[in-house]
Amino acid sequence: MPITRTKRLLSAAISTLSLLGLAQTACAQGQTFKLGIVTFTSGPGAESFGVPAWNSAKMLADAFNQGGQLPPPYDKIGLGGLKVEASVIDENGGTTKQVQELRNAYDRDGYDAVIGYISSSNCLAGAPVAEELKKILILFDCGTPRIFEDNKYRYVFRATAHATMDNVAMARYIAKRKLKSDDVGGINPDYAYGRDNWKDFQQSMVKLNDKAKIKSELWPKFGAGQYGTEISALLQANPQIVHTSLWGGDLQAFILQGAPRNLFKDRHVAIIAADHVFQPLGSRMPNDVLVGARGENGPFAAKSALNDWFVAAYEKQFAGQVPSQAPYRMAQSVLALKLAVDKAAAANGGKKPTADQIADALTGLEWEAPSGRIKMALGDGHQAIQANAIGLTKWNPATKRVEVVEVERFAAECVNPPVNVKSEEWIAQGFPEAKCN
Amino acid sequence: MQLVTTILLDGLIDASWIFIVAVGLTLIFGVLNVLNLAHGNFYAIGAYVAATVAGWYYASGDNPPAFGLVLMLGSSMLVAGILGPLLERGLLRFLYERDEVILVLVTYALFLILEDATKLIWGVNPYYAYDPYSLFGDLKVYGLTYVGYDLMLIVFAIFAGIILWLGLNRTKSGKLVLAVIHDRDMSSALGINVTRIFVIAFTIGVFLAAIGGAITAPKISVQPGLAVTVVLLSFAVVVIGGLGSIEGAAIAALVVGLSRSLAIHLWPSAELFIVYLVMALMLAIKPQGMFGAVQLRKI
Amino acid sequence: MSAILDVRNLRKSFGAITAADDISVTINAGERVGLIGTNGAGKTTFVNMVTGYLRADGGSIVLRGADISGKSPREIARAGVCRSFQIPQLFLSLTTEENLIIALGISSGEALRPFAGTGSPVLVASLDDLLTRYRLQEFRHRVVSELPGGVRKLLDIAVSVTRGPSLLLLDEPTSGVAAEQKFDLMDIVVNALPKDVTVLFVEHDMDIVSRYSTRVLAFYDGRIISDGPSDVVLQDSRVKSFITGAPN
Amino acid sequence: MTNTKIILAATATLAALLALGPFLPGWATFLGAVALAKGITALGLVVMLRSGLLSFGQGLFYCVGGYGAGLLMLWGDVTNAVVLVIAGGLSGLVAGLLIGPLLAGYRKIFFATLTLALSMLVHGALTKADILGGSDGLNLRPPTFFGLEQTTGLSPVFAIYALACVIAVASACLLRIHFRSVRGLLSLGVKDNEIRVEYLGTSVRRAIFENYVVAAFLAGMGGALNALVLGHIDPELAFWTTSGEFVFVAILAGQVSVVAIFVASILLELVRSFSSQHFPNAWQMTLGIFMLTVILFMPNGIGALLQRRRGSKIAQGEAP
């Protein structure tokens, strides 16, 4: 191949790249606050978490821009007085793509902050990028505690509690209500999230009930959709408690296939993240199922002006859809950012605050969310802890809704590890320094 | 005894499902030598169509429930019957003279396109068709409740298998299909209209995938992301059974179903891996699969 | 005269058809042997077994004292037995030159070195030599798939002799070549070959056979029914009635 | 074009790429590094394509390379990027040596399918491996570059981009020389007519095996580069969709020239990132349509598989 062709091909490539380079500088600084939301708009995560989360973010951004919609302190216009420009990025496509997208978001498209990630691998991969580029990244859903327990970050935050409390709270409920729990079984998706949940739950159970023993552990593939054999195995082992961290379509399929086989009779199935299937399943959701919502979200949310506004606005805007944990966790994160940016802007004489100023404002922040009072308590003020609640399902034919009854609420310090203790060790040591009400 | 029965029964139910879902892929592979990565999307489309129809049909409670199932199957078949020829005539046929692997790439592109297409048509909110699931009641086997619908799956799979077998071995075009599977070049040399066979085979393949989706719809929540798992599972079945062998697919489905049920009951932590494990063993022992012929380039 | 190829009780059958029925024959170095016989008489099967394409059901093939029965074509080629094909086996998408370069590269061992260029003096020299001796110069840069049948035949033979074989088997070298060109082709081949090369060639044209062979093996029904100098064999009554169909 | 000219052209290209680096915005540098890493892998595919084989499971070696480098960093405390990338290449090579003999017997779609199956096996195994972070994978530390990153404060992404450039250009240059060697021609011969190759006295299996191992080595280095620039490894690297991209790049580029591979790779990354920027709800569809369009309407892009080639490469000094 003659040199000339090399040159041609090469220059072609170069010119495209450099052109894009220019394009990027153009749109970097505007007098708006560009907020990127990364969440699943396609694939298995879209229905239950991705799209509802994006809806929630979009709704809040619009409300901020109109101003005066939310109760104080969130009634100020925009973010730090700046108009919010929120746009969504699909989380589907693997970590390489996500890291590329994150770099594009900060570097090319000039986003001032990004809130995102349902998948733990994307959280793990994204955090160092934000740190390297010194840009704000708020993780809103991924479960793994590894992020702030294995690393320290300045610009990365998680405005929601990690998955440990979901399982500790569940175990505590079982203990507190003295439910039969000597024989414990579990069915969890066979990937990191499922395995972490099961480890936490099983160890918590053993700590809280020394007679508890594991009767069966099942590991369906994520996205399997077929649970016939697992259900048989569970029925056969006949444990008194069946723990599961299945979610979304998998959880729905599991319930649809398990209910007619009496899996939910004469035992408690404990679903740590269940509220998002209440509305889709409706009357198909069995009664007396032990459920959590990864925080005081959805049906567990305590009455407050903010929560009333949130639920009403969401149902109004999205055709009667009831907000579940994903919208709540997103709202929680967006509101944390709102508060921090407002604070930082005020401190900055009303001018657009820098990432460092926002980071400072976020560190150790305490704020009100629809899900109650949240506190950046762990990871040097970067990892939030929040209260959690567990209850039993009850179908209400009148309201045509699945409600939660016999709810137990657990203070944040009761179900989350204290500062500088790894979740795993905290559970293994029997919850030292836990402050329960 | 109870455990054995349960393992066998669960394995059989699983195998029936796997067979219906996977056999279409084998057929297409055998005839067109295309590893159809979009197979799972046709499954998903079948499920969506069925669920949509079920939604309309059961909306008014007084319709006879049994007919709903028929309607679901019929409608998904109909859509497959349109989609199959459309894609084969409209796209694949232009590429047959290209390298086979390009066709794999084409189906990969199809996979990407259909992923979003289904989402744009049906959105991300779930669709349900659970009414037929309770159609056949349920019964107790050794004290374990089984849903009649799942047991009917076994009957359905055997039925489908027999129809397919008869269709291939007892009808003229079926025999032609087998001839093409056996030796493509020879068949065209003998003047068999291979392209016509391609349309037939591809359509039947899409057909079966869609039916798989339709019969599964009642027991799942139909929503984005159905495709990937199915295509991987079917792919494993094709490899285990031997590339392009129908009998192979049947046996492989049984092997996978039973080994999965064995694993879940006796060695649960291996569930995710068991299919790959069987596949690996098969590759190690008989790389061309149980019923596959060694396909070395002649030397 | 020393024996180069010694075949003993060679047997091969495809189902009911017996392609080689206890064949025993000795070929001496320097002989130029024509193999004649009707289609299905076992000529090509014989060639295929000697060159390892087919594995004999029984019997032995000994090349200069070394038993090569059941060896792969590759090993037999390395042992000094090369062949051309009834249907030329060439690299159709490549040019005449490239075909020969691959062949020469393999025999010289350059084809095993990842970066050995095609321009090495030795290679170029033997390339030019081949192109000239086989009259292929004008087709040098033509893609083989576009070459006329006769030229492909020549190239096929040229490619097969690059190893400098001691025994060369030509499977119907003149088939598919226009009658008037057959002699030219054979002349080119014969003149291009070193004198000491032993040649076996399968041929249907009896004029070619009588002109170019020092010895003829007449195959019939998997057996050699006549063996000797061409004039003798071609006059053999059974050869006449079964093969050449010439009047007695 | 003589080898000297090729090497000159390569050096010029390398210089240009390195000079370009500092002017690129960070995201583009990252994109460049990833594209080059994938391009290096696709280059390996072309090596196999020339002997008529297309692997749909090259993600296996990409992944093995990534984990090889990553684990050497995390467990072996080796941080030098160059060492890590070579280690990645070698782990790919070893995997190739192990699997090669099995696959060297297969052709066409059967080869493609079995490679795909094997890569999915590795994907499944890694998802189960808790010690390797399971499906979440592991985060890596920033690699070092002989201390340059301290002294000159050079950004890790740019450093890896530069390293990728060097490896890409070097391997492209070597392969370019190889393709016009006798051995390079032999690969084409294997694709055309295995019978003749065997009768010439050399082993087809061996030739294919060698090409396969070379491809595995390149994929290993590509995977290592991807792992380093990403700072993270997870089983996704071995997923079939990853392999699909390599195939696409190889097809899109064809065998017109080794440079085309990298242009194709960069193009794919650009299309991906811009389609997800502009059509966040249909980026997969956009990508798919892009692929189909290329396959249908750019047959020259796939000249390699059409097996129609004119004139002597040597005479015209044009790349095979």
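Note that the chains take the letters A, B, C and D in the order they are written out, and that residue 1 is the start of every chain.
The definition used in the following text is that contacts are C-beta pairs under 8 Å (C-beta built on N, C-alpha and C of every residue); 3 or more make two chains touch, one makes a residue touch a chain.
Computed from a predicted model, the values in this text were never measured in an experiment.
**Student:** Work out which chains are contact partners of both chain A and chain C.
**Tutor:** The common neighbours are D.
**Student:** Among the chains, which one keeps its Cα centre farthest from the Cα centre of chain C?
**Tutor:** Farthest chain from chain C, going by C-alpha centroids: A.
**Student:** At what distance in angstrom does the C-alpha mean of chain D lie from that of chain A?
**Tutor:** That gives a centre separation of 36 Å.
**Student:** Please compute the C-alpha centroid of chain B, do the same for chain C, then give the distance between them in whole Å.
**Tutor:** Their C-alpha centroids are separated by 52 Å.
**Student:** Report the inter-centroid distance (CA atoms only) between chain B and chain D in whole Å.
**Tutor:** About 33 Å, centre to centre.
**Student:** Residues of chain B that touch two or more other chains: which are they?
**Tutor:** 115-116, 119, 272, 299
**Student:** Give the residues of chain D that touch two or more other chains, as numbers and ranges in rising order.
**Tutor:** 127-128, 195, 198, 241, 281, 283-284
**Student:** In chain C, what residues contact two or more other chains?
**Tutor:** 73
**Student:** For each chain, which other chains does it touch, given as pairs?
**Tutor:** A-B, A-D, B-D, C-D
**Student:** Can you list the chain B residues touching chain D in their complex?
**Tutor:** Of all residues in chain B, those touching chain D are 29, 33-35, 37, 91, 94-95, 98-102, 104-106, 108-113, 115-117, 119-120, 232, 235-236, 238-239, 243, 272-273, 276, 279-280, 283, 287-288, 295-299.
**Student:** Considering the complex alone, what residue numbers of chain B touch chain A?
**Tutor:** Chain B reaches chain A through residues 2-3, 6, 9-11, 13-14, 17, 115-116, 119, 124-126, 128, 130, 133-134, 138, 144-147, 150, 216, 219-221, 223-226, 228-229, 260-261, 264-265, 268-269, 271-272.
**Student:** Can you list the residues on chain D that touch chain B in the complex?
**Tutor:** 54, 56, 102, 105-110, 112-114, 116-118, 120-121, 124-125, 127-128, 194-195, 198, 204, 240-241, 244, 247-248, 251, 281-285, 287-289, 291-292, 295-296, 302, 305-306
**Student:** Report the residues of chain A in contact with chain B in the complex, numbered from low to high.
**Tutor:** Listed in rising order, the residues are 41-47, 50-51, 190, 216-221, 223-226, 228-230, 232-233, 235-236, 248-249, 252-253, 256-257, 260-262, 280, 284.
**Student:** Which of the residues in chain D come into contact with chain C in the complex?
**Tutor:** 3, 174, 177-178, 180-183, 185-186, 188-189, 191-193, 195-203, 307-315
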